[in-house]
Amino acid sequence: MLRSAAQLRGIEAPDVWVPDNEDATAPSMRDEGVRNIISIVSEHGKDFPGEIHPRVVWHRDSPSTRYQSFQRMLEIADPENGAVEHIDGFVIPEVGAIDDWKKADEFITIVENEHGLKEGSLTMSVIVESGEAELALGELRDEMGKPANDLERMFLLVDGEVDYTKDMRAMTPTGELPSWPELRHNTSRGASANGLIAIDGPYDDIRDVEGYHERMTDNQAKGMLGIWSLTPGQVEEANKSPLPPKSGSWRLDVNDRNVELEEEDGRYVYDGKDIGLEELGDDRYGLRVGGDERELDGDELEEELLNLADYIPSMTDIVDSMEEFEAAKEAGRGAIAMEQSGTLVVDGVEVTIGKDRMWDEATYQAAQTPITLFQDVYENRPDQHEDLEEMYGEDIVERAMVVG
Amino acid sequence: MLRSAAQLRGIEAPDVWVPDNEDATAPSMRDEGVRNIISIVSEHGKDFPGEIHPRVVWHRDSPSTRYQSFQRMLEIADPENGAVEHIDGFVIPEVGAIDDWKKADEFITIVENEHGLKEGSLTMSVIVESGEAELALGELRDEMGKPANDLERMFLLVDGEVDYTKDMRAMTPTGELPSWPELRHNTSRGASANGLIAIDGPYDDIRDVEGYHERMTDNQAKGMLGIWSLTPGQVEEANKSPLPPKSGSWRLDVNDRNVELEEEDGRYVYDGKDIGLEELGDDRYGLRVGGDERELDGDELEEELLNLADYIPSMTDIVDSMEEFEAAKEAGRGAIAMEQSGTLVVDGVEVTIGKDRMWDEATYQAAQTPITLFQDVYENRPDQHEDLEEMYGEDIVERAMVVG
Amino acid sequence: MLRSAAQLRGIEAPDVWVPDNEDATAPSMRDEGVRNIISIVSEHGKDFPGEIHPRVVWHRDSPSTRYQSFQRMLEIADPENGAVEHIDGFVIPEVGAIDDWKKADEFITIVENEHGLKEGSLTMSVIVESGEAELALGELRDEMGKPANDLERMFLLVDGEVDYTKDMRAMTPTGELPSWPELRHNTSRGASANGLIAIDGPYDDIRDVEGYHERMTDNQAKGMLGIWSLTPGQVEEANKSPLPPKSGSWRLDVNDRNVELEEEDGRYVYDGKDIGLEELGDDRYGLRVGGDERELDGDELEEELLNLADYIPSMTDIVDSMEEFEAAKEAGRGAIAMEQSGTLVVDGVEVTIGKDRMWDEATYQAAQTPITLFQDVYENRPDQHEDLEEMYGEDIVERAMVVG
């Protein structure tokens, strides 16, 4: 598995590859596992397109586990083994309070010193899977930068929901994991306050692609931009998920569920049964939403559908809007109205609706997040250029790289 | 715009007016903007019924912006300019960690000292629009009262969701802002722990009055009592929203949505289609809720509707209950039962339901929050007396002012 | 009421009994109340099956209330009064910031010292009912263990939503309490980080058993394992709620609501109207979910129902799975697949579905939470052995006691 992971490329290769020496390796096999990591990384590391951050064992409550962690990091980072030149940092699971983070940090400092590596050259990522560690997210900013530690080496903050659930002694009737919105918020906030990157833990149900997408959308709304992937299929989904779609689309909010409309010849067709629409003639319409029926004139109908409809902008839409706002700003205007319009079809009746949105500097900067992410990926992952150009077309990729 | 804002009165005038020298003013116009603020406030400030807190620029990451902030506060607060006698404090946006709040506090201290104003006479409000600032909400209590700062001058804690979304690098498919429940909770808790007032940021979609109301109701359930208003129309909605309604009403919880019932001759009529009710004779009834139909006798029907129904008490109801509880307490009783009953009509069938609620000291005190707010507004805003008396009637206003 | 509470046994007796000298006692009766507690506890305490933790008055803002608290604890804990040998600790309401917790802790230390009790022998539980106290939950870990306090005596962290709502100045249209998910998360996290137990506050609507259950299920998913009970009926529900059911069952997720299916002869029958199923012959089926109808073949139908269905494992299921995993681990295997299958019946059409779930060490340990809780209860509450054996059968109780 290490060997095949090392050879992933393009949209199938992750930005960060974590060769695992913790849960994915049986305890009795971990010394051999370390040798496997060294062997595969020294052979393939040079050509791997993303960063490489092995995960070693750790536990806030077990000094012997922490000592094993130290010994294995020493071995993996030994320049004589040929792997460390391709290794960017280590992932430390099961951390506790901030003082526990400092212990791992100190071991990495000693590892760097012993092997003549530059202090701080190896990053440290942690897996937040205890209440203690969650609290540490709020203290990190006050500790980073103190002369007695090297916590500036911090890189990823990863949530680990299975062990967190155990640590919190949480239970659900079906055994499913709770969704832990507060943990994910606090992890994302910790990343924001410390210039780090927040990553969600593994999504266990590998076959549930739709569920994986929903989780990523929920994470992105919290500022948690990445997610653990267990398979090359999940990697590809995770790589694509935060990027804007190729084409814009409309969706309707029906009974608190979002139904995406299918495009047919530039019109967006709703074919569910929860909304019904009938032309009564003489600019009168019968609209049924859920159980409620109302008679409306054309303007009221448009207003009503506007309330139910949302537009999901495409990459092109976002780049267009940003370019338009940049031009307006250059011309001395601080705010402009952007219009989105579309023709929806419900029960064969066509209704054209349009939404104005005021863009000012703050809107512009908030809209920029997916573009900045795109630019970041594009710059750091030449192996994905072909995939991205195939997804979006060369023209829009070029424009997306210069806007902002 | 400054001039017309300064002349708002009554229910159209905000409790706190924030003449803006940040985002609403183009960067190149901000020196002129300061002169406009000074000129308008010195002319109209004396007669403005609320407090006046200009917003100046600030940024946790930009020393030059902070220096501009200092210079502009110095100018606005110069007694020779005639505005400061009407100014209650400053609003500082884009603050970072607590040490950044202290920098702004220190500038205000120097401003006060230079101009011979009493130390602490100018309040400071901050806009929480970064993960760092959100964390500072939890530290404020430990810092306030330290001799090296004047953070006791703190007044409002305002959320700024547009910039916060950017700072958290959050994204949604439609570009809508996430609702950030945890941020709003933490802001409200920060206000509670420090004797301050929590205020939600602007609600962008000015035409969406219903959405604005829903947001305020959600905020109030979090203890966030105020909200930014962008237009006189929003000011009026924001002034009225936290006050109890003139008349009580019943609502039904149908498929997790609350449907308010219309009053007709003292009965409350449901006219949606998600609930159906049929009289089968012989004290038997057919009740359909969502997709489920059941046959019930009269008592079971009442029980079932009681589960679905909630009563929204009016100002009069609350004052009545409080007076009743106060009398009971005087008579040595610690808890009394309050009854709310009403006649609901579904598909023409009338059902009278009644709910008992036990009131003890804690219920009494929790119910008091809207009344205390009403009293606070009434005392501080004589210009709203007429509007409030028109809304509620003189009698209930008088009783509401003495209860509690 | 004290006398009858003291005589509860078995599933009707709580794990922790809190004889109340605060809100349940009129202020003028509290000295007499203390004598009542002493008299009842010295008479019945020896035979009471759970722990006994009287609640005394306290208020972060009132030195006179705190002094009363001290005097009453001194009296209750006086060995000459005969009660303290049965008392495990005190419950302190209305605490503020962590320094306020230390004041209560210090009084208990003095009480212990004055009465020759071992330092730390009386535990301290607090009621979190202010924003300040919520913030203290995050600081407790850094304060516990400092030589100048005895905060290691901490036991329960209890939320008090009525007073918390007042302290946060929160309001809802109906006067219902907000559900405060963030407070409950932070309390649970505080318990996890400090080895304590998180308890939810009282559920006021005593007759609403279903609501009480939903609240407990929600709490358990947050790691908040206990809840305040106001009546023997609530005690029984609260004792049973966190335990796995006697029999497993299937439920369907219909329009975001979970509908539990009724078992009939080993098949699980859906009899609502929100899902419809029709056999069209030739391995074709018509499935209606909410408003949407689709035609599917047998495999697609199974897939679709699998997405809607969840299995709620029984005590036996959990013990079976744990034993199976333990055997696999012994045999050197780190992960095994557990299958759950069942036959669902919708509109008379039978469909058999099966779900695989991969179990590894982490799944195993997370699944263990309810079993560990069961073992803990069984060991500490011999008076419940009969009730538990009646609920589950002797065989499974025995197996549950040795697994894990």
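The letters A, B and C name the chains in turn, as written, and every chain counts its residues from 1.
Methods note: a residue touches a chain if its C-beta (ideal position, glycine included) is under 8 Å from a C-beta of that chain, and two chains touch if they have at least 3 such contacts.
On a predicted model such as this, the values are computed, not experimentally measured, just so you know.
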- Message: What's the rotation angle, in degrees and to the nearest 5, for a C-alpha fit of chain B onto chain C?
- Response: 120
- Query: Interface overlap for chain A and chain B, more than half of numbers shared or less than half: same or different?
  - Reply: different
- Message: From the mean C-alpha coordinate of chain A to that of chain B, what's the distance rounded to whole Å?
- Response: 33
- Please list all residues of chain B that touch 2 or more other chains. 138, 181-182, 255-256
- Taking the complex as given, what residues does chain B use to touch chain C? 138, 141, 181-182, 185-186, 188-193, 217, 220-223, 225, 242, 255-256, 290-293, 310-313, 332, 334, 357-358, 360-363, 365-370, 373
- Contact set on chain A toward chain C in their complex: 23, 26, 97, 130-132, 134-135, 138, 162-163, 165-178, 181-182, 204, 255-257, 272-274
